[in-house]
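For reference, the structures are reproduced in the following blocks.
Both complexes below contain subunit A, partnered by subunit B and then by subunit C.
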Partner chain A sequence: MQANPVSLSDSFIEELRGVVEQRLSTSAAVCLQHGKDESWHESLPPGAVVFAHSTEEVSEIVKICARHKIPVIPYGTGTSLEGHVGAVYGGVCIDLSEMNEILNVNAADLDVTVQPGVRRKQLNEYLRDTGLFFPIDPGADASLGGMTATRASGTNAVRYGTMRENVLSMTVVMADGRIIKTSSRARKSAAGYDLTRLFVGSEGTLGVITEITLRLYGIPEAISAAVCPFPDLESAVDTVITTIQCGIPVARIELMDEVQMKALNAYSGFDYPEQNTLLFEFHGTEAGVKEQAELVGEIAADNGAGEFQWASKAEERSKLWQGRHDSYYAAMALRPGAKGMATDVCVPISRLAECILEVRKDVDAEKLLAPIVGHVGDGNFHVCFIMDPDDADEMRRVEGVNRRMVLRAIAMGGTCTGEHGVGIGKIEFLVAEHGEALSVMRAMKMALDPDNIMNPGKIINL
Partner chain B sequence: MQANPVSLSDSFIEELRGVVEQRLSTSAAVCLQHGKDESWHESLPPGAVVFAHSTEEVSEIVKICARHKIPVIPYGTGTSLEGHVGAVYGGVCIDLSEMNEILNVNAADLDVTVQPGVRRKQLNEYLRDTGLFFPIDPGADASLGGMTATRASGTNAVRYGTMRENVLSMTVVMADGRIIKTSSRARKSAAGYDLTRLFVGSEGTLGVITEITLRLYGIPEAISAAVCPFPDLESAVDTVITTIQCGIPVARIELMDEVQMKALNAYSGFDYPEQNTLLFEFHGTEAGVKEQAELVGEIAADNGAGEFQWASKAEERSKLWQGRHDSYYAAMALRPGAKGMATDVCVPISRLAECILEVRKDVDAEKLLAPIVGHVGDGNFHVCFIMDPDDADEMRRVEGVNRRMVLRAIAMGGTCTGEHGVGIGKIEFLVAEHGEALSVMRAMKMALDPDNIMNPGKIINL
Partner chain C sequence: MTSTFKPATDAQVLDAVKWAVADKQTLEIVGNASKRGFGRPVEADQRLDMSGLAEIVDYQPSELYITAKAGTPLAAIDAALAAQNQQLMFEPPDYGPLLGGAAGQGTVGGLIACNLAGSRRIKAGAARDHLLGFHAVSGRGEVFKSGGQVVKNVTGFDLSKLMTGSYGTLAVITEATLKVLPAADKVRTVLIHWPQNGVYDHGGVQAMTEALGSVNEVSGAAHLPAHVAARSAVDYVSGSGSAVTALRVEGPGPSVAYRVAALHDMLSKFGKIEELHSQNSKRLWKEISDVEYFADNQERALWRISVPPVEGARVALHILEGRPGEVFYDWGGGLVWLSVEPADKASQAQVRRCVGDVGGHATLVRGSAELRASVAVFEPLDAVLSGVTERIKDGFDPGRLLNPGRMYEGV
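What follows is the complex of A and B.
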C-alpha cells in the first residue's frame, strides 16, 4: 500500500523542530505505532511524528508542510477501524493526544469546548459533578477529535444522534495553515454553508480539528437496562421497528446474534440464553423509564420474546455494556490466535432483517466464524470476521462476504459505512454508493486542499 | 439593487421553450411576482420564469443557462424573508411549485420522498392516515424545497430539530446540469463528505434541489398546550433554561412579549394577560405529557409565573398556534397602513434574556413599535418592526436597531440568523460572523459554481 513514501529532509525536520522543539520523533517504533489503528489494516508509518500543544503550533506545522507539499496526518488515539491514520504517502503525523484540556463548560447552554485529544471517558468523568454528560459512545475510549473527524456514533445514537448532531462548532487548521471557526455556539443558524457538518466526518482530509464545541445533556434521573432473547432474528428486528415507529425514546437498542451471545457468555461470565438477543437501555424520569420499559415489553412479547432480565443498578449496567463493548475481544476469544476484522454497514431499518439474514447465510455458506452485532435502532450492524490472516483461501472468502455485504447494503438504499468511516478500507465502494456525487466531493477536496496534503489517500483519491 | 440585469435573447428563450414548451413566461407581472418574497425587500424580477415538471427538465434548463452564463434562481412559494428569490442580476427563475408530488412514503423507515414544490401542510394532510407527521413548522405554508434550501426551523425545532436534522437525502441539479444524490436513505452514514448538510441551507447558490427525502415521526398519542404569563422577561427565560437543562422534551416553548400579547388579543380575539408570556406544547403518551406539564409547571411557579391556561383539544390548540403564526399580521394591525420587517437572530440561551432586554431598550429609546417573539428553547428570537417605509428617519432608526441587534448577537457567541437565512438581507453580516471561514465558503462556491450562475448575489458575493 505504501509504495513511495515521501522522504523528509533534515532541513525540513529542523523547520518542524523550530515549532515543536523536542516534541518530534522519527524513530521507527513511534512512526510504526502512529501508522496503525485498531483495525486489521497494516501500519503505514509516517516519516515523523510531532506532538502538538496548540492550534497555533498546528497551524505552523501545516504551513511548513504546505510549503514543502508534505502530507499531514492527524492522530488522536489510533482507535479508528478503517486505516484512517495510515500514512499512505508518508509525511508528518500530528499527534494531538497532548492537546487534552477541557477548555470551557457552559452548563446553562449545555455545551462544552474541548481540545481534540480529550477522550470521551475523561470528559464524562470531568462533567460528573455538573449533572451533565456527553452521550456519544463508540465503545473505544476514543479522542473527541477523532470521533469528530470520523463522524463516530455507537450505542446511544438512536436517542442522541451521532457526532453529526452533537458537534456545535470547531476550530480547524486548513491545508494552508489558516485557522477558521466553523460556526458560533448558537444551537441553530441559517447563516451560510454548514462548515461544521462539512468537517465532521472529513477524516482529516480537509483540515486538522484543533478545538470542538459539543452538546451536552442532563444525566437522566433514571436509567434502566434489560436483556431479552428472541426466537429468531426477524422477531428481534420487528420489535426494534415497532419500538422506533411508536416513538418510544429508547436510549440504546442493540442486537447481538446467537454466535455473539455465546462469545459474550464465555468471555464476560454471563449466563444469557444463546439466542438472538436485544439489549435495551431507557433514560428518563422514574415514571417515564417505567412506562417505556412496559411499552417495549409489550411489543417484545407480541413478537414472541423470552423474559426480560433487568439491570437497574449502575454496576450491573456497566458490566452489561462493558460486555457489549468487549464483543470484539469476546469474538476473538472464540478462536485463539485468530485476528478480527470488524465491518460496518447501515441500511433503512425496513431492510435490516433481510440484510442481516442474507449476510448470515453467506457467512455460513463460506464456513466462516463471524458474529453479528448491531445498533439496530439506526439500521447499523457489524460483522466481526474471526480469521487467520495467513490463510489466503479464508481471507479470500472473508473478502467476498464483506464485498457482497457492502454492495447489498448499498443496493438496499443503505451505506457502505454507518459509523466506521471510509479510511482506506471503504474507499473503493464510494463510487458504487455515491456515483456522480463523488465528483462533487472531489471538487470540494480540490478547492480546499489543492496540493492534496491533508491525509491523502483517504475518502477521495485525487 | 438590480443595476444591470442580464438580457435574455430571443434565441435563448426559444432554447428554454424547447424544454418546457408553454410553461415559460416573460410577462412583467409574472416576473415581478417571482422576484419578491414575503419580506420588506423590493422585487428584483428575473427576465423569464419557467415552470419545471421534472428533475430532467431542471437539468436541461440549467445546462442551457450554464452555456449562456445566465443566472438561475429556484423558486418555491416565495415565503422566504430575506429576499432569497430576488434576481439580483436578472436571469431565469425556475418555479418548482408544479413539482408537487409525494413520491414515496416508507412507513417502516419513517421517511418520505417528495418533490420540492410539496408544501408542508399538503404533506401532513397526505400523511394523516398513516399515523405519521413531519414536524418542522416555520409558520408559513412553505414548500419543502424552499424549507430545505433555507434550513428552515420554527416552533417545533426545540424537540425535533431543524431541516438540518430532518433531511435525509436530496436529488440536486448542479450548476453544470449534472444530477446527483447527496446520500442514501440510511439513518446515518460515515461514507464521505456530508453533501446533504452542504445543500441544506445553501439557498440555491450551489444547485437546484429537485427531490427530498425527509424524516417522519409518529403522531404523538397525546398533545397538550398551555399559555403562561410571567412577571418579567428574565423569569420567563429562566423557566426556559431550567426546562431545557432538566431534559424535559417540550415540543414547543415560545416567547411572546407584552407588546405581542396585546397585538394577539386584539387580532385573534383572545383574552390573555398582556405580559411576557410562554406558550408550551407537550407531546408524548398520556402519562408522559401529564408528567412533563407538571414538571414545567413547577419550574414556572418557582419563577413566579401566573396560571397555566390549557388547550388540550385540537381546535383550541390550533387556534392558539394560528395566533402565534399570525403574530406578524397581528403586529401590523397595531398600526394600520404600516409595513412589517421581521428580523431573526439566535444566541446561546444563557445570553438570551440579556440580548432581548438590550434590544427592547434600544427599540424603546428609538421610539419604535416592535413586538418580540421567539423560539426561546433554541435561543432564537424575532423583532418585528412595524414601520412606515416612506419615513426616512424612522427607517434609519429601524436599521440602526437591527444592525446593533445583529452585531450584539454575534458578539454574544450567536448568529446573525437562526432560521430566516442570509438572502440579500444578511449578506453584509457574514464577515463579522464568520471571519476567515467565509473564505472557505467562497472557495466551495467557486469550486461548485465557477461561473456564479446559481442564485448569484446571495450568501457569497464573488
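What follows is the complex of A and C.
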C-alpha cells in the first residue's frame, strides 16, 4: 500500500527540530505505531513523528512541510478504524496528544474550549463538578481532535446528535500553515460559509485542528438504563422503529444480537439472557424519565419483549455502558488471535430490520463469525467480522458479505459509513454512493490544499 | 437585457446553468423572491426562477423525512406535515412581511440558502442540522447530490452544511431532503410579567439563562420589552403593559405539566407568572420566530445580531442609546432583533463596532438597496477567512456566476 514514501532529508528534520527540539522521533517503533489505527489495516509508518505543544508550533511545522511539499498526517489517539492515520505517501505525523489542556469552561453559555489532545473521558471527569457533561462517546477513549476530524458519534447520538451538532467553533492550521478561527464566540454563527462543519469530518485532509469549542449539556436530573431481551431480531428492531417514530426522546437505544450478548457476558462478567437485546437509557426530569420508560415498555411488550432489567445506580450503568463500549474487544475475544473488521452502514430506520436480517442470513450462509451491535435509533449498525486476515478464503467471504451489505444499504437510501468515516478503507464505496459529488469534493480539496499535503490518500483520490 | 428562465425540470436547470457557463452569464437565483431583499443586492445578467420546480417528491410519515423540489413553498410542506401531525423541528420562519412582502411565499430552496430557523433553534438546531441530503447544479454546470435519507453519514466533506447558508452562491439546489419528527402532544408557555415601567432586558436574559440551564427542556426562550409585547396578538402578552419573558415547554402531557410547575417555582422571583396553552403558545412563537413585531416601520434598518447571551442586553441597549429603535431577544438572549433609525452608514458602523467588541456578529436583514450595496450586510471577514471563502467559491463556481456579490462584494 505504501508505494513510494517520501524520504525526509537530514536538513528537513533539522528544520523541524528547530520548532519542536527533542519532541521529534524517527525511530522505527514510534513511526510504526503512529501509522496504525485500531483496525486490521496494516501500519503505514510516517518518516517522522513530532509531538506538538501549541497552535503556533503546528503552524510552523506545516509551513516547513508545505515548503518542501511533504505530507502531514495529524494524529490524535489512533483509535480510528479505516486506516485514517496511515502515511500512504510517508511524511510527517503530527501527534497532538500532548496538547491536552482544557482551556475554558463557560458554564453560562454551556460551552468548553479544549486542545485537540483532550480525551473524551478526561473532559467528562473534569466537568463532573460543574454539573455539565459532553455526550459524544465513541467506544474508544478517543481525542476530541480526532473525534472532530472523523465527525464521530456514539451511543447518545439519537438524543444529542454527533460531533457535527456539537462542535461550535475551532482553530485550524490550514495546509499553507495559516491559522484560522472558524467562527466567533457567538454560538449561532452566521458569518460566511459554514467552515466549522466543513472541517468536522474532514479526516485531517484540509487542515490540523488545534483548538475546539464544544457544546455542553446539563447532567440530567434523572437517568435510568435498562436491558431488555427479545425473541428475535425483528421484534427488537420493530421496537426501535416505533419508539423513534413516536418521537420519544430516548438518550440511548442500542442493539446487541445474541452472539454479541454471549461475548458481553464472557468479557464483562454479566449474565444477561443470550438473546437479541436492546439497551436503553432515559434522560430527563424524574417525571420525564418515568414517562419515557413506560411508553417504551408498552411498545416493547407489544413486540413480545422479555423482562426489563433496570440499572438505576450510577455504577451499574457505567459498567453496562463500558460493556457496550468494549463490544469490539469482547467480540475479538470470542476467537483468540483473530482480527476484527467493524462495518458501519446506516439506513433509513424503516429499512433497518430488513437490512440487518439480510446481512445476518448472509453471514450465516458464509459460515462467518460476526456479531452485530448497533446504534439502531439512528439506523446505524456494525457487523463485526471476527476473522483471520491471513486466511484468503475467509477474507474473500468477508469481503463478499460486506460488499453486498454496503451496496444494499446504499440502494436503500443509506450510506456505507454512519460514523467511522472513509479513511483508506471506504474510498471505493464513496464512488458508488456519491458519484458526481466526488468531483465537487475534489475541487474543494484542491481549493484548500492545492499541493495535496494534508493526509493525502484519504477520503478521495486526486 | 435581463431575461428570466423558469425551468420546470432538473434537466432544464442544468441546461440553463450550462448555458450560463458557456456564455459567461451571471445568474440571480430566486425561489418566490420573498427574501430577495435579504443580503447584498445582486446585479446579474439573467434570472433563474426556481418556483416552477414545486413538488413534494417523497413523503412517507413513517420514514421521518420529506423530499421536495427546491421551489416548493414551505406552506405546502407545513400543510403536508401537519396533516400527519409531524413538523420540521427547526421551526422555519416566514420573513415575508418582515421584508415588505406577502406571507407564505418562502420556498424550500430559499430556506436552505439562508439557513433560517425559528425559536426552537436553541433546542433543535437550524435548517442546516435538518438537511439530510440534496441535489444541485454547481457553478461548473455539473449535477451533484450529497447525503441521502439517513440521519448520520460521514462520507467525506459535509456538503449539506456548506450549502446551507451559502445564499445560492455555490450551487443551485434543485431538491432537498429534510428530517421531520412528530409534533409534540402539548405546548405550554410560561410567561414572566415584569413590573410595569423600567427596563428589564438584563433581567429577562438572566431568567432565560436560568431556565435554559435547568433540566426542564425549554424549547423557546424570548424576552419582549414592554412596547414590543404590547404589539402581540396574544392578550395575555399584550394586555399587561409590562415586559414579558416567554419560555416554551413541549412534549407529552404529564411531563409538560411537571416542567411547567418547576419553571413556575423557579421563576416567580422575577415577576408574575402566567401560562399559555397550545393555541396561544403557537400564535406567540410564530410572532416571535417571524419577527412580526418589526414588520411595520419598514424604513428602519433591521439587524439580526448574534452574541453570547450574557452580552445581548448590554450590546442592544448600548446601540439604542440616543437613537430611535427597538429590540427584542430570542434564543435565550443569543439572538437580538434590533430595528434602528436612521438607516445610514454611520449607524451601521456603530452596530458593527458594538457587536464586534463582544465577539458577536451582525447581519443587516432589512435596509434600502442603496444601503445594502454600500455597506457590509454580513459580518465582514478578516483577510485569511476571505481568502478561504473565495477559494471555496471558486471550487464550486469558478466563473463566479451564481448570485454574484450576494454575500460579499466580488464573491
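Basically, the second predicted complex is superposed on the first by the 462 of 462 C-alpha atoms of A that agree within 3 Å, B and C clash if a C-alpha of one lies under 4 Å from a C-alpha of the other, contacts with A are read in each partner's own complex, and residues count from 1 in each chain.
FYI, a contact is a pair of C-beta atoms (placed from the backbone, for glycine too) under 8 Å apart; a residue touches a chain by one contact, two chains touch by 3 or more.
Since the model is a prediction, treat every value here as computed from it, not as a measurement.
For the composite obtained by superposing both complexes on subunit A, the positions of subunit B and subunit C are in clash. In the superposed model, A:184 lies in contact with both subunit B and subunit C.
Within the superposed three-chain model, A:145 lies out of touch with both subunit B and subunit C [touch as defined at top].
Shared-chain residue A:291: touches subunit B and subunit C both. In the superposed model, A:46 makes contact with neither subunit B nor subunit C.
Contact with both subunit B and subunit C is seen for A:349 once the two complexes are overlaid on the shared chain. Once the two complexes are overlaid on the shared chain, A:413 sits against subunit B and subunit C alike. By the document's definition of touching, of the two partners only subunit B reaches A:217; subunit C does not. Residues 107-110, 150-151, 153, 157, 161-162, 164-165, 174, 178-180, 184-195, 197-198, 200-202, 206, 218, 220, 241, 244-247, 249, 285, 287-288, 291, 295, 346-350, 378-380, 413-422, 426, 430, 433-441, 443-448, 459-460 of subunit A lie in contact with subunit B in one complex and with subunit C in the other. Within the complex, the subunit A residues that touch subunit C are 107-110, 150-151, 153, 157, 161-162, 164-165, 174, 178-180, 184-195, 197-198, 200-202, 206, 218, 220-221, 241, 244-247, 249, 284-288, 291, 295, 346-350, 375, 378-380, 413-422, 426, 430, 433-441, 443-448, 459-460. By the touch criterion stated above, subunit C contacts subunit A in their complex at residues 60, 62-65, 115, 121, 125-126, 128-129, 138, 140, 142-146, 148-159, 161-162, 164-166, 170, 181-182, 184, 209, 212-217, 251-252, 254-255, 258-259, 262, 304, 306-310, 331, 334-335, 358-361, 363, 378-379, 381, 384-385, 388-389, 391-392, 394-396, 407-408. Partner subunit A is touched in their complex by these residues of subunit B: 106-111, 150-153, 157, 161-162, 164-165, 174, 178-195, 197-198, 200-202, 206, 217-218, 220, 241, 244-247, 249, 285, 287-288, 291, 295, 344, 346-350, 378-380, 410, 413-422, 426, 429-430, 433-441, 443-448, 459-460.
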